[in-house]
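Please see the structure below; I have some questions.
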Amino acid sequence: MFNTFGSIFRLTSFGESHGAGIGGVIDGCPAGLVLDEEFIQAELDKRKPGSAHAGLAGTTRKEADRVKFLSGVYEGKTTGTPLAFFVENSNQKSGDYVKLAYTYRPGHADRAYDEKYGFRDPRGGGRSSARETIARVVGGAVAQLYLKEHGINVVAYTEAIDGIYANNFGAFSLDACEKRLFFAPNEEVIPHWQERIEEVRNNLDTLGGIVSIEAHGVPAGLGEPVFQKLDACLSYALMSVGAVKAVEIGAGTKAATSRGSQNNDAMYYENGKLCYTSNNAGGIEGGISNGQPILLKAYVKPIPSVAKEQKTVSREGENVTLSIGGRHDICAIPRIVPVLKAMVSITLMDMFLLQKRMNKGNDF
Amino acid sequence: MFNTFGSIFRLTSFGESHGAGIGGVIDGCPAGLVLDEEFIQAELDKRKPGSAHAGLAGTTRKEADRVKFLSGVYEGKTTGTPLAFFVENSNQKSGDYVKLAYTYRPGHADRAYDEKYGFRDPRGGGRSSARETIARVVGGAVAQLYLKEHGINVVAYTEAIDGIYANNFGAFSLDACEKRLFFAPNEEVIPHWQERIEEVRNNLDTLGGIVSIEAHGVPAGLGEPVFQKLDACLSYALMSVGAVKAVEIGAGTKAATSRGSQNNDAMYYENGKLCYTSNNAGGIEGGISNGQPILLKAYVKPIPSVAKEQKTVSREGENVTLSIGGRHDICAIPRIVPVLKAMVSITLMDMFLLQKRMNKGNDF
Amino acid sequence: MFNTFGSIFRLTSFGESHGAGIGGVIDGCPAGLVLDEEFIQAELDKRKPGSAHAGLAGTTRKEADRVKFLSGVYEGKTTGTPLAFFVENSNQKSGDYVKLAYTYRPGHADRAYDEKYGFRDPRGGGRSSARETIARVVGGAVAQLYLKEHGINVVAYTEAIDGIYANNFGAFSLDACEKRLFFAPNEEVIPHWQERIEEVRNNLDTLGGIVSIEAHGVPAGLGEPVFQKLDACLSYALMSVGAVKAVEIGAGTKAATSRGSQNNDAMYYENGKLCYTSNNAGGIEGGISNGQPILLKAYVKPIPSVAKEQKTVSREGENVTLSIGGRHDICAIPRIVPVLKAMVSITLMDMFLLQKRMNKGNDF
Amino acid sequence: MFNTFGSIFRLTSFGESHGAGIGGVIDGCPAGLVLDEEFIQAELDKRKPGSAHAGLAGTTRKEADRVKFLSGVYEGKTTGTPLAFFVENSNQKSGDYVKLAYTYRPGHADRAYDEKYGFRDPRGGGRSSARETIARVVGGAVAQLYLKEHGINVVAYTEAIDGIYANNFGAFSLDACEKRLFFAPNEEVIPHWQERIEEVRNNLDTLGGIVSIEAHGVPAGLGEPVFQKLDACLSYALMSVGAVKAVEIGAGTKAATSRGSQNNDAMYYENGKLCYTSNNAGGIEGGISNGQPILLKAYVKPIPSVAKEQKTVSREGENVTLSIGGRHDICAIPRIVPVLKAMVSITLMDMFLLQKRMNKGNDF
């Protein structure tokens, strides 16, 4: 297994959903960073089951999810040595899962996992559990502390749920979005999403949506021209989150139906400053950041655990039906937002350090 | 710079568009593989300027692009030692480029490259040149030779050009698509694409499209459950090709508007064989291949080098206009198809070796 | 910083000597291994301050050093997911160290560390503390559990202390050496070593020695012919332990004064089995194990913390004198033995998995 | 196989002794370095069969060994893109080797290679051939060009041949050593070495020796405190050269019989400059360079190809005798000196770039 992400700022994730807890080790974090544990905990709280952002979409499980740092901090600052952290599991109902152990849940990793490894921890998906993303959110929060110090601000919000686009209901105010229900970019869309979620829940079904992640203040020069393109690394980061089925940068899918003259972002100087007329590139040209905001979208599939009865098979080779009750989310959206934000933050941090460590000019 | 791709089957790419040539080293290729140089050359010919597939979309440059292997082959078979290869450059018109040296071409890496490195080889984009993809196509062809021996077949074709979808004009016959103009999945769409390209060319503009890549015969078990998810690795591979602005797996963007009960691929046993009712997952569940075909789409932006006059800036900080004549493609589509196929092939080869080297059951 | 060791079986080490504790994450451990925590704790106890093996050579600090696993184990067996572990610090006397904070201790990393990082955690050397080796011993113990299952036995013992060679006093019985004081290969040498250590202690000085590490049952085929030579990897492993100043394989330094006809290990068949007349190669030819025992020696320098007064400098640039009291070891030897054994075990485990995952014959 | 060395300055080596040639790709070389091809060729000439340095010790083969760069250079300077190079093989007498194909040569990789891979290119050892070191010498020469620009000078010389130490015959003048026969550190020892070599040659045998490598001008701060210790990396580099059986740093093996008070290098300030009274540490403390010269020694075994008759076995399992005539070296020493120098240079370059890219102070 490969449980490390990043090349300079490296996050190694460990832990199971039904073991002692979830943790991680961050190696390569610069020294001297004020480790604002309150901020980190707040980021973690955003993905917590039953978080204020989840509204009716979330599970009813309540978990404390308190992060504790085990190393790498001295008098409130990072020392540059590995930052290890741990979040204890508290509310484990393995019983809920054991009955599923021998039934392959459609849309889950169950069967592929069995095919790969020949066996499977029946308790909640093991490493395939969404609970593993705790380590990512903590890693991302540490990255954000550093990025903020360097003028880079990552923001993530829900663009659409089940085809209901927020921009049809009002303008966006990104500053406030992380405080709103569903990480909505405006207030107006919220009741529409709530209504739809309620309807789908009553229908014993689940729904998906689109998450936008933007990074402002990213300097030009991040990313490599051949393989470690910034957009390639960001796609890898987003696609490494379970439910994401498509990723786009800037104009994204729309670029495929644009003409070159439309899609190109024209440049001009105004008051000695280079400006772009548009940002179809999403802040990345030739794999390298160009100083414009980085614009990403992730398309999130509906939660596969539906209460509706589904046809499926057992591990033993029988055709069976399955209806997944339990305490599952109706929509991954609110809880996946901080995870996607974290993955983008870790990637930008890694690429920022990589670039920072090279000298502009004669040395790369 | 990082010019190596892959973890076990590793391709290191070198060379510039206007230097001696383009080459690569493949380290980690299994020994005993019959190195069918004719097949490899044929794959390379598909991305060649002026290739039969390009129709009116391609540049008029003619380059021999003959691949020569420098090591790792003995009596026609790989020896397991590094496979080095080289493709000489023959038709270099640096003059065409030098006049562009100090003008930032919109939609190109020019400015970001300058911001990153502080200097730039003015001749044709250096490592950012599409000519670098020669190394990828050779690497991909070697991977395909191995994959074929193991029953895996990768096919790539054009799904749409400028919003004209092939499936509106006829059924797909994928076996023949690599022999057709534009790698079209049916004959019927070809005149429509030709007409549109002709129209856009007369309009001094360029256009984009959508490429599908499918892998059939991929066994279940490829990919890792946390970070090296197969879909994440494939996204990284596709996004590392210049013009790609969005990537999707299976249902992709459509998954964001599906309900869980629709989007889940139900399983059932028929004659003792596990079957799926659909393939919205695109052959990957929880980051691991499930034995169904891998289905990928790449959204390709229009070529940024347009003959139409564009506003842009010079390196020295002036506002200028630019009209790019030269021998440029109108549409990246036909030539990018073998490159995307190659990147998917290299990734699958790498993940296949990774998985093959682990034992199902007690050891991973 | 780089705190990860290994390529398949990867140990990431974290923690400081005067923080919450020392821990690690092992990624890439095969699933299904019985995690014998008693054995692991016993290995850890061997390096413990005040261990039975240390005799008069050790420090008088007493630390519980209990290892606790945080993930990767289910019903007593590894699951193949990351194995995280933690050992709490209990007996921290930072005060002892703070007075040293601004004096560069000769023979320590103090000044080089300051030159590199510009600052230094004054409490006990931070990551340069020998206490960091706790993570290595735990990692090595897990590796040994696996190696044993595959017939590979790693043994480490003290060859000489301060020039007093054990083989001058009696034959070796390696089976018992790990139970003896100083990990001595025979009983006879022990009083001589004790006497010398006592003498040197009274003289306010410290002493060094030679540690042998042998691996029996290693199959032929481990290691790579060019860069990842088995001997190169083992040298790296041993030299990554603080006090080691020279490493040799097989005949080692003596090979430099042998003739080819003497130094070559002649081969012959006896009863259909390939035998060697000698093992000057130390079990490694051309970087690849040949099936003979792996024979390594590490030359360990005397502990630099001497009670005798030394001339040195302060961080502020003054010439000062320093006499290091505290609870320091007189000789690294007994406590370094399990660490060197662990590093060899981790390296062999890593190379074993690497080789195991390739197929003899057509595929490497 | 793993044919890449280094983490930032990465050399990928390819080619076989009896194929088209030997080459390599250097990725991560800073841009703007004047690529003095004359210097590089001169370094390569030093390891050439029949080189002026080899005297009577070398083989009588003559090979042109001209290095040709294929990419990464523009107007005589590196561009920061991959530097690929190739050295054609010219004088291949596979016939000499074919008769050895089925006899395992004692002291060679033959049998271990067969055990590992199940097959072997019979022509001259394939990748295990010493000819592979051509790629290392070219890589090392490029590294030296950069290191020199930064005030770092690497020098390598022969300390002893067959137990005859140069320092018994005269003082050392390292400036001249690379021009002398055998890379001797003084003129006086040369006739003694020549005489001994002649004697051993007449005796149909071979001999070994000791090579010293020193690096002057290395700034403090290179290397990492835990795993990527500078001494560990240098040991790995030296041990990755075929004939090396022991490696030492500074006092090396002698440290094992020193007392702490002797072995410590005391520090003092003189005229505001920090000085050391000795250099037993060999310039490395706690894995980090301390600004003193780096002092390394490699113990080289005698060439295993002896003309004297040896007992050995065939691949088919028979006991046979073998006498290796051919055009083999009597002593690896003169030709291994530039290779060891190259490996140290590449390692220092890599660690220098790694450290250069971090900021002293708050950021590592």
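Going by the order they are written in, the chains are A, B, C and D; count residues from 1 in each one.
Operating definition for what follows: a contact is a pair of C-beta atoms (placed from the backbone, for glycine too) under 8 Å apart; a residue touches a chain by one contact, two chains touch by 3 or more.
The shown structure was predicted, so the numbers you read here are calculated from the model rather than taken from an experiment.
When the contact pairs of A-C are matched by residue number against C-D, B-D or A-B, over half are shared only with B-D. Across the assembly, the mean Cα position most removed from that of chain A is the one of D. Work out the mean CA point of chain A and of chain B, and you get 26 Å between them.
One inter-chain figure worth recording: chain A and chain D are separated by 47 Å, centre to centre, where each centre is the mean of the chain's CA atoms. Averaging C-alpha coordinates per chain places the centre of chain B 40 Å away from that of chain D. In chain B, the residues that touch at least two other chains are 1-4, 13, 31, 80, 117, 119, 126-127, 361-362, 364. Against chain D, the residues of chain C that register as touching in their complex are 1-5, 13, 104, 106-113, 115-119, 126-128, 132, 160, 162-163, 200, 203-210, 219-229, 231-240, 242, 245-253, 255-261, 263-269, 272, 274, 277, 280-282, 284-291, 299-306, 308, 310-313, 317-319, 355, 360-362, 364. Every residue of chain B that touches chain D in the complex is listed here, in rising order: 1-4, 10, 12-16, 19-23, 25, 27-28, 31, 70-74, 79-84, 86, 117, 119, 121, 126-127.
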